[in-house]
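Just dropping this structure here.
Order of writing sets the chain letters: A, B, C and D. Residues in each chain are counted from 1.
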Amino acid sequence: MAKTPERGVKIQKNSPLKAYFLHHARVFVSSLGELTRRPIASMMTITVIAIALALPSGMYLFLHNVNQISADWDSSAQMSLFIKNNVSQRKVERLANRLNLRNDIESTKIITPEEALDDFVRISGFGDALNSLDKNPLPSVIVIQPIVDNQKPLQVSQLLNDMKKLPEVDIAQLDLEWVKRLYTMLDIANRAVWVISILLGIAVLLTVGNTIRLDIQSRKEEIIVIKLIGATNAFIRRPFLYTGLWYGLIGSLLALILTNIALSLISTPIQKLASLYNSNFELIGLSFDNSLMLIITSCILSLGGSWLAVGRQLSKIEPS
Amino acid sequence: MAKTPERGVKIQKNSPLKAYFLHHARVFVSSLGELTRRPIASMMTITVIAIALALPSGMYLFLHNVNQISADWDSSAQMSLFIKNNVSQRKVERLANRLNLRNDIESTKIITPEEALDDFVRISGFGDALNSLDKNPLPSVIVIQPIVDNQKPLQVSQLLNDMKKLPEVDIAQLDLEWVKRLYTMLDIANRAVWVISILLGIAVLLTVGNTIRLDIQSRKEEIIVIKLIGATNAFIRRPFLYTGLWYGLIGSLLALILTNIALSLISTPIQKLASLYNSNFELIGLSFDNSLMLIITSCILSLGGSWLAVGRQLSKIEPS
Amino acid sequence: MIRFDNISKQYPGGFEALLGVNYHLPRGQMAYLTGHSGAGKSTLLKLIAMIERPSRGQIFLDGVNLNQIGTNKIPYIRRNIGIIFQNHQLLNDRNVYQNVAMPLIISGCRHQEVSKRVRAALDQVDLLNKENAMPITLSGGEQQRVGIARAIVHKPALLLADEPTGNLDPELSKEIMQLFERFNQVGVSVLIASHDLNLIDEMGYPVISLDDGQLVRNDLTLVGAKS
Amino acid sequence: MIRFDNISKQYPGGFEALLGVNYHLPRGQMAYLTGHSGAGKSTLLKLIAMIERPSRGQIFLDGVNLNQIGTNKIPYIRRNIGIIFQNHQLLNDRNVYQNVAMPLIISGCRHQEVSKRVRAALDQVDLLNKENAMPITLSGGEQQRVGIARAIVHKPALLLADEPTGNLDPELSKEIMQLFERFNQVGVSVLIASHDLNLIDEMGYPVISLDDGQLVRNDLTLVGAKS
C-alpha cells in the first residue's frame, strides 16, 4: 500500500513542521487540562512532590542561616598569645604586625601588661593591693582574630599550633573551643542535607514515575485502541511526558510557596532570638537562583520519572 | 425474590464466620501476591514510603545523638560567683552548701582566694611578684554546676539572675554562654523534626492513597464487572485495603533497614570525632520501641491513605 | 417473576429510553425481547438487574418491589440473577475458570463445590478445553460463551441474556438457545434480548417487542392469562 | 489488494488458529469471510492489520510484504486501513465526535476538515444526533455504528470489518452492508467477517470460509481469475 498513491493523502494536512508544533502546544495545554479535570487526584501527587522538594530546600535554608549566625559568632573565636616576659614591648608590636600579614588571621590586638593589670583589677574588684605592686607581674598578650572558614575547621588548630611554636610566645590558647565543635556539627549537617536532598530527589522521581505508570495502566485500553487506529508511539508518549512535566512544575512552585510560608512563620521567633544576642541578624530566604534551580531540578526529575515509566509501560501495551 | 426460598441457597456454603476469616486470610495473602507479581512497580511505591519514613527517623536519631553529645558538654556550662571581699570564709562555705540544695544546681565548688591566686600565678607564669604580695587581692569564687534541662534553656538564665541577687555575691557570670545558644538551636531543630515528620507522614498517606487510587482506576472495568455479578462493596474494598497495609508494612521495614545502614555508615566517623574530644560517646540507634512505633505509624498511615482512596473511588465506580 | 408497572426510564441528559412499559413474566416462563437498535432492550434488562433505576413506575421481582431495595442490598438481588451482558464483561486479568467461578466465590461457596460447578458450566458451553485461557486470547464467540457459563454457574432463579448469540454462528446460536430452553425446563425464568428474528421464530416462545422505548408487542399477556 | 501466501498462525501456547491459508483479494473487491466461532476469522483480519504476525507464510498488502515492515512502520500501514472491531474498541473517555475524529487527528488533519468529515461519517451511520454522547451511554448497536463511522472517516483504501452487524437488527444490518457496498463502488476494497449467512447470501458477494483454521471455501479464485 505504501507504494501506491494513498487515498489518505487526499486529506488536507497542515505543513508537517507547523502541524508538529501545533500538536505539541495542544498536548502541552490539554495535559494541564487533564490534571485540572481530576483536581484532588492531581493535588495528591503534586503535594507529595512539593513536600519532597520543600524539605531539602527548607533544611538548606536552615543551615544556611545557622552558618550565617555562627559567622556572627566568629568574633568569639579568638586566640590569646601570652608573650614571654623577656620580650620587649617593641618586639611584641613587631610580632603583632607580622602576624597580621598572615592570610589566616583577620586582626591582632595587643594587650599590654598595664592594660591586663587594669582589667584584672577591674574584674577582681580589689585594685588597692595590686596597685601597690612595684612590678607588674602580668605578661603582654596578643589577641588574634583568626579567619574562620566553615569548610576548614581544622585550619584554626593549625594556626594554634603555629602560634605555640613562635619563640616569643609562652602560651597560646584558643578562647572558644566550642566554635570548632559547632562547625564540625554544621559540617555533618551540611552533608546530611546533601544525602537527604538526593533521597528526596529519588522520591520525586519515583513518585512521578509511579503516578504516570499507574496513569498509563489505567489508560491501557485507550492506548491499545489508539494504537489500533494508527497512532505512533511518540504520539501516545507525549501527553504522559507533558503530564510529568506539569507535575514537576506545579510541585516545585508549591514547594517554593511552602518554603516561603515556613520561612515567614519562623522569621519572627528567629528575629527575637537574634536580638537576644544583640545580633542584627537577617533571615535569608531562597534567592531567585535557588528558586530557579529548584524548579528546573523538579521538572527534570519529574520528566525523568515519567520518561522511565512511559518507556517501560508503553512497550508492554500492545494490541492482541 | 428475597422472600422465596432462593435457589442460590442450595450452594453448599461454609459457616459464615469461618468463611469470613478464610476469605480475609486469603485476600491478605493474595494482595501480597499481587504486589510481588509487579515487583518493580511495587518497589517504586515502597521506596517512596521508605524514604519518607527513613528521613524523620534519621533526623530524630541525629538530634537524639547530638543531645547526648551536648549532655557530655554540660560540664562546661559552669557559673562563677565572685564573692564580696568582706564575706568570711565560713559564710562562703555555708552559702555553697545552701546553694547545693537548690534543685537546679548539680554541685558547687569553692575556690578560695589562695587557690585562685595559685591558679593565676600558674597561668600567668610569673608568680614571684604576686607571691610577694602581703595581702591576697583575689576574691573567693563559688563555681556552680547547674542542672541543664534541654527543654528549658532559660532556666539557667533564671538561675544566673538569682545568683546575682545574692547579697554575698559581687559578680555572677555564666562561663559558657554558647551552651545556651546550642540548646536554643537544638530546640528549634527538635521542633523542625516534628514539622518534618508530620509533613512526611502526610507524604506517606498521600503516596499510598495515590497509588491505591490509581490502582483502583486501572481496575475500574474489573470492579464494575464484579459489582455486576453481585459483589458487595466490602468484598471489593478488602484487597485494596490489604494492599495499602502491605505497602505500609514493607515500606517501614525498608525504612528501618535504610536508617540502620545510614547509622552504621556514619558511626565510624562520629566515633572518631567523639574520641577527638575525649568523649566516650556511644552512637544511639533506633530502639525496639522506636522501631515498633515506626512500623505501626507507617501501617496506620498507609491503611488510612488507602481507606481514603477506596472510599472516594469505589463510590464513583458504578456500572451503567 | 418480573412485573413492570408503567415503567419509564429517562437517562440523565433527558433521553427517554423507556416509556410506560407494562408486562408480566410469570415464574418459570421463557420469553424473547426484540426491537431495533436503541429501542431500549438493554435498558429494560438493566432495570431488572438494578444497574439502572426507573424514573417512574414500579418493578416487582418475585414479588419484591425493587424501588424499596437500598443500594447496599443490591448485591444480594443480583446474586439470584444470571446476567449475560451484550459486551461480555469478563475479567481480563483472570482466566476462564476464575471468571466463571466468580459468582460462587462472591457468595462464599466451598472450594470443592466451586470446581465441580465451574466445570459443569464450561462443559455446557463447550469450553472445557479453554479452562486456563485468558479472555483476551479467546475468539469473540468464545468470550460470549464464557459469559453464558458465568451466568448459569450458580443456578440462578432468573436468567437475563442481552444479545447472547450476536457473535455466534447460526449453529452454535441454536445450541445456546437450546441450553436456555433446558434451564427453563427445570424451572428457571428466562428473558432473552435478541435480534435474531429467524431463530426467535424457530424457538416459538412468547415475544415482547420495543419500539423507541414503547412496548409494541406483548405475547406475555396471553401467557399470563393462561397460567 | 491482499494476498495470503500459505499463512499459518500459531498462538503462544501452541494453538494453531490458521493453517496454510491462501487467497487473493483483488483491489476494489468486496468479499465476505465466514466460519464457525473460533474458526480463525478475527485472526485472519488481525494479520492484515498487523495486530498479530504470521508464524509462517507471507502477506502482501497492496504489493508490500508485511513481513518486511518494522514495528515502527506499523502505524503508517494501519492508517490506510479502516478496521471495525468485533468488540467496538471505542475510547470511553471521549465522546462520539472525538472518537470518530481520532484517525484524522492522528494523521495531523486540519481542524475544519476534521469536523466536516466526522459529521459526514456520523451521518452515514445515522448517529448525527449522538455526536456529544459518551460511548458508555450508547446502546450496543449504536456503539457498533460509531466504530463503523471511525473506520470510514479517513476514507481508507481497505476496509476490514469483524462482525460489524452482530449487535444490529436485521434492517439496520442491511443498511450497513449497503453502506459498505457504496464504499466498494468508489474503489475501496472491503473484507467483512460475518455470521449472518442470510444477509451474505442476499448481498451476493464472493465468500471465503474458514473451518478450524483451514480455508474450506474460496469464491475469490473465480473472481481473481476473472479480473
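As a working rule, a residue touches a chain if its C-beta (ideal position, glycine included) is under 8 Å from a C-beta of that chain, and two chains touch if they have at least 3 such contacts.
Keep in mind it's a predicted model, so treat the numbers as computed, not measured.
Where touching is counted per the definition, the chains common to subunit B and subunit D are A, C. Seen from the C-alpha centroid of subunit B, the farthest chain centroid is that of D.
Averaged C-alpha coordinates give centres for subunit A and subunit B that are 23 Å from one another. Annotation: 61 Å between the Cα-based centres of subunit B and subunit C.
Chain geometry summary: the mean Cα position of subunit C and that of subunit D are 30 Å apart. Shared interface positions of subunit D, i.e. residues touching 2 or more other chains, are given as 137. Contacts with at least two other chains are made by residues 221, 320 of subunit A.
If each chain is drawn as a node and touching chains are joined, the picture is one closed loop, every chain linked to exactly two others.
Contact annotation for chain pairs lists A-B, A-D, B-C, C-D, with touch applied as defined.
Interface residues of subunit C facing subunit B in the complex, by the touch rule stated above, are 49, 51-52, 61-64, 72, 75-80, 83, 85, 89-93, 102-104, 106-110, 113, 117, 150, 154-158.
Remark: subunit A residues 40-41, 44-45, 47-48, 51-52, 54-55, 58-59, 62, 66, 73, 76, 82, 85, 123-130, 133-139, 170-171, 176, 178-179, 181-182, 184-185, 188-189, 192, 195-196, 199-200, 202-203, 206-207, 209-211, 213-215, 217-218, 220-221, 262, 266, 270, 273, 277, 312 touch subunit B in the complex. Subunit A meets subunit D in the complex at residues 1-4, 6-8, 10-14, 16, 19, 23, 221-222, 224-233, 235, 319-320. Taken in their complex, subunit C has these residues touching subunit D: 11, 13, 34-38, 41-42, 86-88, 133, 137, 139-142, 145, 162-163, 166-173, 195, 197-198.
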